[in-house]
Amino acid sequence: MSEWGFTVIQTNQSDMDQMDRGLIAKIGNAEPSIFWCIGCGSCSATCTAAQFNNFSPRRIIQAIRSGQVKDIMGEVNKCLLCGKCQLVCPRHVNTRNILLNVKQIMGQDAI
Amino acid sequence: MGRLYERLCEDLRCLEGLKSCMNCGVCTAICPSAEFYRYDPRKICDTVQRADDESIEQLLKSDTIWYCGECMSCKTRCPRGNTPGLLIMALRKLSQEMGYFTDSEKGRQQFAIRRVIGDSILTTGYCMRPILVNPANHPEQGPVWEWVYNNLPEVMDKVGANYLKDGPGALRRIAPEVLSEINQIFQVTGGQDFFQLIEEFSKDKADEMCLDAGELGGDNAYFSEVYTKNSGNHH
Amino acid sequence: MNKTIVIVGGGPAGLEAAAALGSSPHHVLILEKEHNTGGKLKNWHHLFPNFADASEILKSLEKSLPLNNSEIKYDCDVFKMEQMDGNLLVSLKSGEKIKADAVLLATGFDLFDAYKKEEYGHGIYKNVITSSELEGMFVNNSFPDQLKDGLPKKIAMVHCVGSRDKKAGNMHCSKLCCITGVKQAIELRKYLSKSSVYNFYMDLRMYGQHFEELYQEAQEDYGVNFIRGRVSEIAEISDGKLQVKAEDTLSGRPMKMIFDLVVLLIGMTPATSAASIAQSLALPKSGSGFLAPVHQHISANETCIPGLFLAGTCREPLSLQESITDARAAALKIIEWLKLKDNH
Amino acid sequence: MEQEGKKRIWSEYQKEIADDHYFYVRSCIRQTFFPGSETTFLKILRDDLSRDVFEDARHTTCTGIGYHTDIVPFETIMTIAARHFALMTEAGYVNFVPSCVTSFGIYTEILDTWKHFPEMEAKARDYLWTATRREFKIPDNLSHTSDIIYRFRNELAELSGHRLVNKNDGKPLKVVEHIGCHYAKMFPKCGVGGAEFPAVLSGMVEAWGGEVIDYPERRHCCGFGFRQYLIKANRGYSLSNSKKKFESMQPYQPDFIVANCPGCAMFLDRWQYTIAEMEGITYDKSGKGIPVLTYEELAGLIMGYDPWVMGMQMHQISVEPLLDKIGIVYNKKDKYLGSKGQYIGVPQPPHFLLQ
Amino acid sequence: MRFDYFVVPFCAGFGYLIIVLLFTYGRWINELGEGAALKIFKSLLTRKTLLASREVFQECLVHRKVFRVNPLLGYMHMSLALGWFLLIVIGKFEASYFTGEFTNEFYFPIFFRFFELSPHRTFTLQFFNALMDFLLLFILSGVALALYKRFKSSAMGMKNSTKHTSGDKWALALLWMIFPLRLFAESLTAGFAGNGSFLTQPLGNLLGMILPVRMLATPVWWGYSIVLGGFMVALPYSRYMHIPTEILLIFLKNWGIKPKDSISGMAFFELYSCSRCGICIDRCQLNPAINKKNQMVYFLRELRAGNEVTQMAHNCLLCGRCQEICPVGIDLTNLRTISRKQKDNAHIHSSSYPSIPMHSFSTKVLYFAGCMGSLTPGIRKSMETILEVSGEKYLFLDKEKSYCCGRPLKLAGRLAEAEKVSQNIKEAIVSSGANTLVTSCPICYKSFKDDYKCELRVLHHSEYLLELIQGGMISIRSGNKRLVYHDPCELGRKSGIYTQPREILTKLGSLTNVEEAYGKSLCCGGSLGHLTISMEEREQIQKSTAEYLNQDNPDCIATACPLCKKSLTKFSESPVKDIAELIAENLIKSNYKDHKTKKSNLAEAVRIDT
């Protein structure tokens, strides 16, 4: 649309009714503790990978739960599975297994 | 507490706009801009509230503060009586005073606004006149407007406007003595200086980008750059 | 010497205070503005965090009233009080005046009028209801037809309605709506097992015994969803469904969602019935209009008026348990005060 | 939808609107795009309602667009506003009536600031004196022109020859209202009916027989965003916000849109054309678009004014289908003729949108 | 030629087995990978082969390791394996001796007594006869024990025994039938031919009294042959495949062949060497509640059957306790790890992984705390104090930010990613020019030592601290605290470091021993190897291990791993401390002062000079 000089912008607003329930269904099944997360962020605070990039386990869990999983793979690949997240979680969320599952599921989907 | 934060606090709109934010996100939820840009007024309030100069400077140099449409919908809903939109206005003012606005694509557009709206106010007494809505620059105005534009005196006359004539009425000519009053007010209140500041910083940026900014109007390379450039990285 | 103690309000705090004063030789008179006792408790079904039956609790409160020295007067609207020779003169709207040696205000609270949060459309959209209306549905087992048909429904619970809100004139936190929201979300999931429930919250203040556990249960066992973000507006779309907008602040993105029912978790506001009494005695109020005691920490039940005491939610939002404890504390203070009065 | 609930809210936002003797100030945008609406407003007030409206030729822009594009400092705009108050004071008026919603918002904001920060008012007096040797009194009453029409809606209903009813089936016309953001969002108490359920337009529509329909994005901004529209590169923002509104109102199939803000009326009109050209979409069944009216035009129509004298030919979306529905008699041939009936050419037809 | 039709089933079975084995082993050997052939060829005529032979004797026949677990269990295995082996070998000698020629029909020794009906009166033959009867009795006693074990495994020290598949049960039934049938066949023959010895002859006579033995003998010999042949056909498809495979495995292992990163070649040798004896079941700390039928024996079975094992592969602490006790010595944890292997994501940007700033500096020692080290500031701080006091110039590699060594990814089977993570750290280590790398984390230690292949000394801090003490760089106060040492899995079993920490601890106090120590040490439950286990389940293990270590109410539980420390602290009554912390507490700091004075004196001197 060069003649207009502008285009319609896609909305940023997430429509929760249209969200992708696929991943959360699979992961919730494999690791139900994903539902216990209260978003406190202690996992992101201790995360080894997060010291070097904008990786955030809390955000990933959030994204899976709200079905915004489009760009999640690139993010999940930053995880080192070092397990500190699990050690600090006040709700006993097995964040490491959640991330591992995402890696596995997304890897399979990719094939 | 940093220098930038203190300067920000001198602006009444910052004091009015940000009392204490509890990050509830109600502003972002209704913000038209948050829907279409990578923009989150809640985070802006939070950043300013933390009074960290480094992140405030980053904000002032970013595209972020220029996304707001100043519709002030945020004001209606904030449970703490803040107005993120007013805070944005204070941030934009400071960004222009510091010359940081030329660091971002959206910030640089201030030059075009100053040239079009600023000049129009001072020379004609109006922010907006039909002649400024040139169909070439406004394809969205459509063929009816093009017809109006090409027949301005006749159409305006038919609908009872006093187009470019003396005396009261729509689109009348603003008398020279009135314009001098307006200019005087701009002189006295710092409006003129502020225009000058935008001009100077923009010209520096234009030089840096090896583009000509001209002396008047929008007929120059820097103007068309800032008026039309959209990197597409905003959402 | 036997004295007269007037208790204004026959809710849980008033009843408990009367029971506690039963061991004293004084005459206890409860003035209740409605024609039965129990206050807001009688409109409640089950109580957090253990789903205790509210009517059972009310029964046991009423049962423990002393028969020998207490009396309840129904339908009395107290509108004025004045100090008179070290006593208090209580005026009723009916024109009757009662002389009391001590008065305990247990006037309770009002529920926030959800209607004041215009953007949520309570009273305008028929599927926007308050937590108290939902509780009423549980009590009467009277659910609107569209919730009965057993199809999956989406229900939103909106926290902090009329609390922590300058716009609504309430800066205070009602502190009990959080756990009420969790409790009702669980009850809704039990009642409508195919439904999904979303709680929109800013902070969850799970301060009490077993509150946090219930919150976790809601997540683990009942699959209740929690979204951290204050709801900005609710709009009705076709067929009575409701579009809710909020920011998912944990992912930093605005969101919208369509619901079949929205429950507004309304907070506590100062009781309007206490306002005229407070005015007649020039009783100081706290920021949000609750009655202010002499000292928040050490004399929470005493006021600056000699012989006038406070108990329960007339002074701040309290849970049932806290109100009852508070009433007992107030009763103790009243007995002390009357002894002191005797000695002089 | 429970109408009772709305009425209860409206009753809490009763705004004082002066009855007569108005000091009228024009709007840059309205006089550019809808000059006939301003003419109509003055005609209705002066001729139909016999009210005194005064316009001083010396008044200028309020510089609101400059302020909201952040090139005009607050000190400057409040002094410009002070000058307008001075003109009003000099003319012996106390009721200030701006035609523009942005201006209305700005005057409200300035008056509120002066109330909370009296030193700012003193500063404004000082600046104004230094610059122009003028002095001013704060207006007794500040009302938007739509407030004035709202105030006289019932009188107009009595005087009018038309009602907002489909003459074919006798059903009320379905109307979508759009309130300018700066009308009440900043200061809900200053708008009729408050910010959430404003009554200013719905009051008119209902008084004149139409039915206001509510739709989810009723409160959403049209997307002007000042700098967002003025800069070509940013216009996608404006377009997308309006699009969101159209999509939201589409299921209700409104007969027309009425707005009280000049910018909104223009955008909602033009963006329908743009979306049709860009994506081949219209939001009504006829493919002609949903007509967008200013409230002055709406009042003029029911009062039987000539649509072409009111400037309704300046709309990109044709208003004829609406005129036909109401049963207004108009001269088709006159639409694009000049003031003296001369032929001045006609607009090119759009590619997608039907005329 | 001595022949009877009944030998056909046996011969067919035997032939089938040989073909299958040749084919299978050929395929696996082919998969051993490049360089394997050369390795085998080079080692063939060395001591390695001899050692392997000895191991085959010790483990495959005598079952030395099983004896260690439980003597009765050992006897049972030995009687079957060694007994049968001897039965074949001595039977062969017997046949050769009898015929006077070394070669004879290959089935002849097995059915010797069918073909050789005349009673033997020479002493040698009688001796052979008696020996063969004895061996048969020996085996039969094993079969009887095995039968008994089926009903009561606890008698042999096993709380749980393997639950077998129906295929295995069939093979087992065949195996158990072989020897009674042989006894029966030989006894029947002896009943009319009188060629038996002390076992078969009396039994034959007895049977002769009540049965028509001459008529019955041939059918029973038929039966014996069918069962033997049947067993050999079933062998490759049952757990008894371990019998031939284990022997080859031992040789290959001794010749230095290692499994690759996938289930192929050497891994198959390991997989098929599992006899499903079930000894590993009891050793598993996840047993039984958490890990129902998921222990190594079951895991290997599923893996061998080609079933989906992803879930099983992940449900394991990788603590190595099963491996420690496995009679076959299979590298069990490795098999789990490589089964976890997923298709690595090729487009990972290594840039998103940590990068350590490069240093080139004059000190020789690098210290690396590791991720877990950064969660236990007590250990980091102690190491800093000790290093300061020792006067050693060192660089704290991950002081500002913690880095991950990559082992957790490796344990999760994501080898390519692990490699990417380690690249940068490796470069930083190499570029530093240091010659010693000390780490507090056994996980990092294992990683640096085995995977990084850097040309510098890699020491766990327990090794390094002992060096410092022995070298007199630091001195510590001895105390009389009663200490218990907990061997971390990754440090003990995985890296073989048992003595150094204990040596340090004996200098600090009195070390009490617990039963489950060294290779048998319990896992703390914090293992990074297990990814799917829930926190509650982890806590069960943590709790029981902590309780176990606290059994004698020690004053302090010492360990040498930050993760163990973290896991045990939660449930331990007595304090849990890392060795570094214990040393730091008992450090005599006079050295430090000297060092400081020296330094400040120097500074003074410099000041005066200028």
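Lettered A, B, C, D and E in written order, each chain numbered from 1.
Note that a contact is a pair of C-beta atoms (placed from the backbone, for glycine too) under 8 Å apart; a residue touches a chain by one contact, two chains touch by 3 or more.
All figures in this text were calculated on a predicted structure; none of them were measured in a lab.
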item	value
Topological distance between chain B and chain D, in contact steps	1
Neighbouring chains shared between chain A and chain D, ordered by label	B, C
Centroid comparison with chain C (C-alpha atoms), farthest chain	E
From chain D, the most remote chain by mean C-alpha position	E
Pair of chains joined by more contacts [C-beta pairs], A-B or A-C	A-C
Nearest-to-centre chain - CA centroid comparison	A
Centroid distance [mean C-alpha coordinates] between chain E and chain D, Å	84
Chain centre separation (chain A, chain B; CA means) in Å	37
Gap in Å, rounded to a whole number, between the CA centres of chain E and chain A	38
Distance between the centres, which are taken as Cα means, of chain C and chain B, whole angstrom	49
Where chain B touches two or more other chains, by residue	30, 34-37, 76, 139-140, 228, 230
Multi-partner residues of chain D (at least 2 other chains)	195-196, 219, 232-237, 239-240, 244, 274
Chains grouped in pairs wherever the two touch, ordered by label	A-B, A-C, A-D, A-E, B-C, B-D, C-D
Residues of chain A touching chain D in the complex	1, 4-9, 11
List of chain C residues in touch with chain B within their complex	119, 160, 164-168, 202, 228-233, 245-249, 252-255
In the complex, chain B residues that touch chain A	34-38, 139-140, 228, 230, 235
Residue ranges of chain C in contact with chain D within the complex	115, 118-119, 121-126, 233, 235-238, 243
Touching residues (chain side chain D, partner chain B) in the complex	26, 28-29, 31-32, 35-36, 38-39, 55-58, 60-61, 63-66, 68-76, 79-80, 83, 105, 113, 116-117, 120, 127-128, 130-132, 181-182, 185-186, 188, 195-196, 219-221, 223-228, 230-237, 239-241, 244, 270-271, 273-274, 308-311, 313-316, 336-339, 342, 344-350
